[in-house]
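Going by the order they are written in, the chains are A, B, C and D; count residues from 1 in each one.
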Amino acid sequence: MVVVMKASSTNEQIEKVINKLRSFDLDIHLSQGTTRTIIGGVGDPKEKEMIMETIEVMDGVEKVVAIVNPYKLASREFKQEDTVIKIGDLCIGGNEIIVMAGPCAVENEQQIIETAEAVKRAGAKILRGGAFKPRTSPYSFQGLGEDGLKLLAKAREKTGLKIVTELMDLQHIKIVNEYSDIIQIGARNMQNFTLLKAVGKLQKPVLLKRGMSATVKELLMAAEYIMSEGNHQVILCERGIRTFEDATRNTLDLSIVPVIKEISHLPIIIDPSHATGKWNLVKPMTKAAIASGADGLIIEVHPNPLDAVSDGPQSLKFNNFNDLMNESRLVANAIGRNIAGDSDDVS
Amino acid sequence: MVVVMKASSTNEQIEKVINKLRSFDLDIHLSQGTTRTIIGGVGDPKEKEMIMETIEVMDGVEKVVAIVNPYKLASREFKQEDTVIKIGDLCIGGNEIIVMAGPCAVENEQQIIETAEAVKRAGAKILRGGAFKPRTSPYSFQGLGEDGLKLLAKAREKTGLKIVTELMDLQHIKIVNEYSDIIQIGARNMQNFTLLKAVGKLQKPVLLKRGMSATVKELLMAAEYIMSEGNHQVILCERGIRTFEDATRNTLDLSIVPVIKEISHLPIIIDPSHATGKWNLVKPMTKAAIASGADGLIIEVHPNPLDAVSDGPQSLKFNNFNDLMNESRLVANAIGRNIAGDSDDVS
Amino acid sequence: MVVVMKASSTNEQIEKVINKLRSFDLDIHLSQGTTRTIIGGVGDPKEKEMIMETIEVMDGVEKVVAIVNPYKLASREFKQEDTVIKIGDLCIGGNEIIVMAGPCAVENEQQIIETAEAVKRAGAKILRGGAFKPRTSPYSFQGLGEDGLKLLAKAREKTGLKIVTELMDLQHIKIVNEYSDIIQIGARNMQNFTLLKAVGKLQKPVLLKRGMSATVKELLMAAEYIMSEGNHQVILCERGIRTFEDATRNTLDLSIVPVIKEISHLPIIIDPSHATGKWNLVKPMTKAAIASGADGLIIEVHPNPLDAVSDGPQSLKFNNFNDLMNESRLVANAIGRNIAGDSDDVS
Amino acid sequence: MVVVMKASSTNEQIEKVINKLRSFDLDIHLSQGTTRTIIGGVGDPKEKEMIMETIEVMDGVEKVVAIVNPYKLASREFKQEDTVIKIGDLCIGGNEIIVMAGPCAVENEQQIIETAEAVKRAGAKILRGGAFKPRTSPYSFQGLGEDGLKLLAKAREKTGLKIVTELMDLQHIKIVNEYSDIIQIGARNMQNFTLLKAVGKLQKPVLLKRGMSATVKELLMAAEYIMSEGNHQVILCERGIRTFEDATRNTLDLSIVPVIKEISHLPIIIDPSHATGKWNLVKPMTKAAIASGADGLIIEVHPNPLDAVSDGPQSLKFNNFNDLMNESRLVANAIGRNIAGDSDDVS
């Protein structure tokens, strides 16, 4: 870390900072400029955050600047080659772009089976569907619970699709782990550290959604929580951040894709449905996500959005999803990647 | 709700929207303007959110505008008079401004007892201190756990101060409930709906912190979650929101105080320590919070911020906290309120 | 507009609001629900904003909701077909995606001529380059002024490229109009209403950049300022908005592209250089912009970014720009559009 | 500045960075840590921004960190004691808190004279009122222009109040300078650098409003533009920033007050009217502003907000303004400051 002293700092204050840094086993590099003294503390201590806070409080200190990023296991420096996550014969993070699709919430057998069959026909490889739903109103439908998980399993049996579904709290970790192929940690739980540690102890891929106002660094620190427990199968997911703009539900931050590719080895996928909140924006933003380099997509599809119990406005009908897949394939090809699946008409 | 149809909408589309609204038992008020048809759906259905989403998807609809706010129990309309929460002989939400103070984390017996005695002398009524700590890095100190709770209880015994401490997840609800007088739900858990429902079933006051990017409406919906389970003793807490400004850790949104006072009956307190992240900004923002009408404060105090295991930069020393209390009393008096406690020198 | 009365509003208050609305020649539609009275004010008055503010102040009023958008000339309702702007034989807003490229600032003859030749070879149709530079520091290079304009004109002569350059204030409108083919209004001037009206009186295409924290609605209102003076040749430009994320200079909001396509007829282009602030993010975000449906791009290119007087970090070298163009062509083709130009190696 | 090299950087790359820094006359301090090489560039060059950008582009560089702030004249380091701006017998930035009040726009003689008399009676020292109005819609009232300035002058004659009014562009600088005692630069023009330089050449106090999404640093850089031309009489003004919260028009950032007091010597005032957008929030936020340490306030007052041509919802009636002043006096006294004026009833 680099400690910048105030212009008005005294020799005694500088001395004290140096001694404090040394007490944490850091080597010192002193640089006395025309207006400022700068003290470098060199080393790789564990409690970096605490040390920086401690120094920041000392008299005469103007600011403390971190040199090394706080994440390790999630960083490109730790692991040069891209992480490819295997689920059966599926690879996430490889050349193929993986599409996850399905309804916001599992509602009943017909709905989920029909949707599974339709999205499979269109080329999706993974079925999404919520059994436990985080809803902003306590008066809204909260999901079918374990019954929903069983219906997802039935759809998997019928179609061969893999299953991704959200885990909302510790009490359901066992059953969600049992029924799912990928466990989703929702945006609201990105900093639910207990939950992160718990899924870190599983041997199952985790889809980690970026919090509504989380920075890229915080997203990687959340991944670090999971990885530090032993589970390195983390798929990052951008789903829109909160800004002042209200023309869309959230602001989709696609720049995060090349940023993550540079600083981390983890795969990253995009959720254009929650990001925009409007079904007619999903197709263009899906194509943009692919062109930006995303490794996959997670898209809301419903047999009849008009009857959806939640997120109807952002759900695609089967035929629109089919069109999206066909057009997306062309964009994927244009950047040298591919999306599996035939392109039969499903309408 | 009010449904605004597109200028290009057809009579058939209008008819369909009307029929859909009627299917939810809503009365219809039709208004045909020069450029737009507007359809009012009158009634008080439970699944408001879902109905609005359903209508939004229909052909010819431009937008759907909510008329009534989604929160009920938390609203001023539901309860005209201010909620005053009693904890023993203490009242939160009354004329007296209540100060909660203490270290970020409980570190050891000497630290917490000393701090408790110092903040009590200065006029604080409630001792804060974390036993379970949400930390952005998995490599940082995570709190003493139950041992920390026991030390808080010891400090309560010695000083008579009440205890507020954070509950991070369901698995600790029993012991946190046992040791605390107020259960804190942290900003990162403001939309941990399972946790909200669980504390909603207790008979204990809940300090609910606003999420980093939560709107006032979402904060009240989180309170609604707790209240809808039967526990109406909710204390709201503003602790800074995330904006582009980086001169402070967060941006303290004091306007929320009079806004909440207008639309809700719940008490609201301010956390100037987390909001600013810098101890020297805590005093002016405390005085501003009082002048804005806040019912209380929660402030970080540490015997020696230099040695704090977390949040040192925003913690006040005993003598600074004493000064803060003395100056704050004058501001409280200027607006016709008061802060308890003598003003002995504690240095 | 729709006026929502408070639950506690009296008949007299409702009556007064109705009379006030009638005084502005609005027709009244009254709707009395179970908990709220709603008053529709129907008509198309000119001073809509003022009327809404007036009503909002009246006793008993909870809120006033606008039904019709405030922009007219810029709206898709006003003009169904896409606006295509012709500059000589160039069309902006048609099927061809137009690329504008060049240095942040014009520095000297060699720099601008070399760059013009290189970007032309790679397929750019328009040369960008600042003669007047808005710099956050008064101590930074502020541009060559009229000399810069003359160098741009020389580059146009040599290459046949069109010229886009920024107009910073009224005093230079005559010379900027004389030398440029498109006048750029920078993000910081998006709400410089005097300047907007002034370029609205010219017969020249205007490139209007979105302000750093401007909503889509405000961007269209800025366009409306220009159009209301008679100049309908407005090209919108997204260049990143300001959010809490600091991994990129700004957050590129690509969702604005399909949003604008839905509600406006104006062409929209993307500036990935200023949005990201980092040259290595420019290529992926360019491809994403094309895939999202953008009509063009404006990209910073410099013979030697290391020696650039401003914005070096986000400028592409010639060979990188050439690669970008080649890869972009493939994406454009994948969505059924094209980018002109050969793809010779320019390295 | 401090240059952090990538872990993978080569000796040759390090050498090149050092040579480049030396070419700008900077002294070098090299620090080779376990994972990173850090290069300090010591000196005080003028084109700091450009040098940092240049280095950032070089191979092997991870990031460049500024050590010294970019503003000089506006900094507390440059001038230790508070700047007190004198306008006749008035002092802004001294112990007395100065209140500026008046309508958003000057509408007619009766309105401005009546308001001037009322706010004077209540204790205001300066009359505000817009003659040139920046309006988001080209169809809204744009101000009376020079006639408005003349009416302000008449009000000054009658009451002895000083005048503050907005300058929107260069073409009116002469007449605005002639009629006003303080020239206001609006939030939308905070980075209109031409305008800043022009008022920097005058001998008149400038009220500089913070841009809607400007950081504290950018606000000080805007002040620096004015000061670097010779005019050091700059009054900073916070008027709310743009965030995701929509319960208020903007989010009033009061923490900026103690932040500015620490890093700058310039006085800072608060505009609670534009910040909140609602008259009933103005009083509590005024008191909070005073308690936070603000040097003054600028408040919208109108004889009849219902008839105001703009900003009615945020304007106070005379009696409410009088109450505000009386209550504010008590808060000012509580922090050892005062607000001039008697407290006669003006209703």
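We take it that a contact is a pair of C-beta atoms (placed from the backbone, for glycine too) under 8 Å apart; a residue touches a chain by one contact, two chains touch by 3 or more.
Which protein is which chain? UniProt says A, B, C, D = 3-deoxy-D-arabino-heptulosonate 7-phosphate synthase protein.
For clarity, every value in this text was computed on a predicted model and none was experimentally measured.
Comparing the CA-atom centres of all chains against that of chain A, the greatest distance is found for D.
In this assembly, the C-alpha centroid of chain C lies 27 Å from the C-alpha centroid of chain D.
Chain B and chain D have centres, each the mean of its CA atoms, that are 31 Å apart. In chain A, the residues touching two or more other chains are 213, 242-244, 246. Taken as a graph of touching chains, this assembly is fully connected, with contact between every pair of chains.
Per the touch definition, chain B reaches chain A in the complex via residues 20, 46-50, 53-54, 56-58, 70, 134-142, 168-171, 188-189, 191-195, 197, 212-213, 218, 221, 224-225, 228-229, 242, 279, 305-313, 315. Residues of chain D that touch chain B in their complex: 213, 215-217, 241, 243-248, 251-259, 262, 275-276, 280-281, 284-285, 287-293, 327, 330-331, 333-335.
Within the complex, the chain D residues that touch chain A are 2, 4, 7-8, 27, 29, 31-36, 38, 40, 42-44, 65, 67-68, 77, 242-244, 246.
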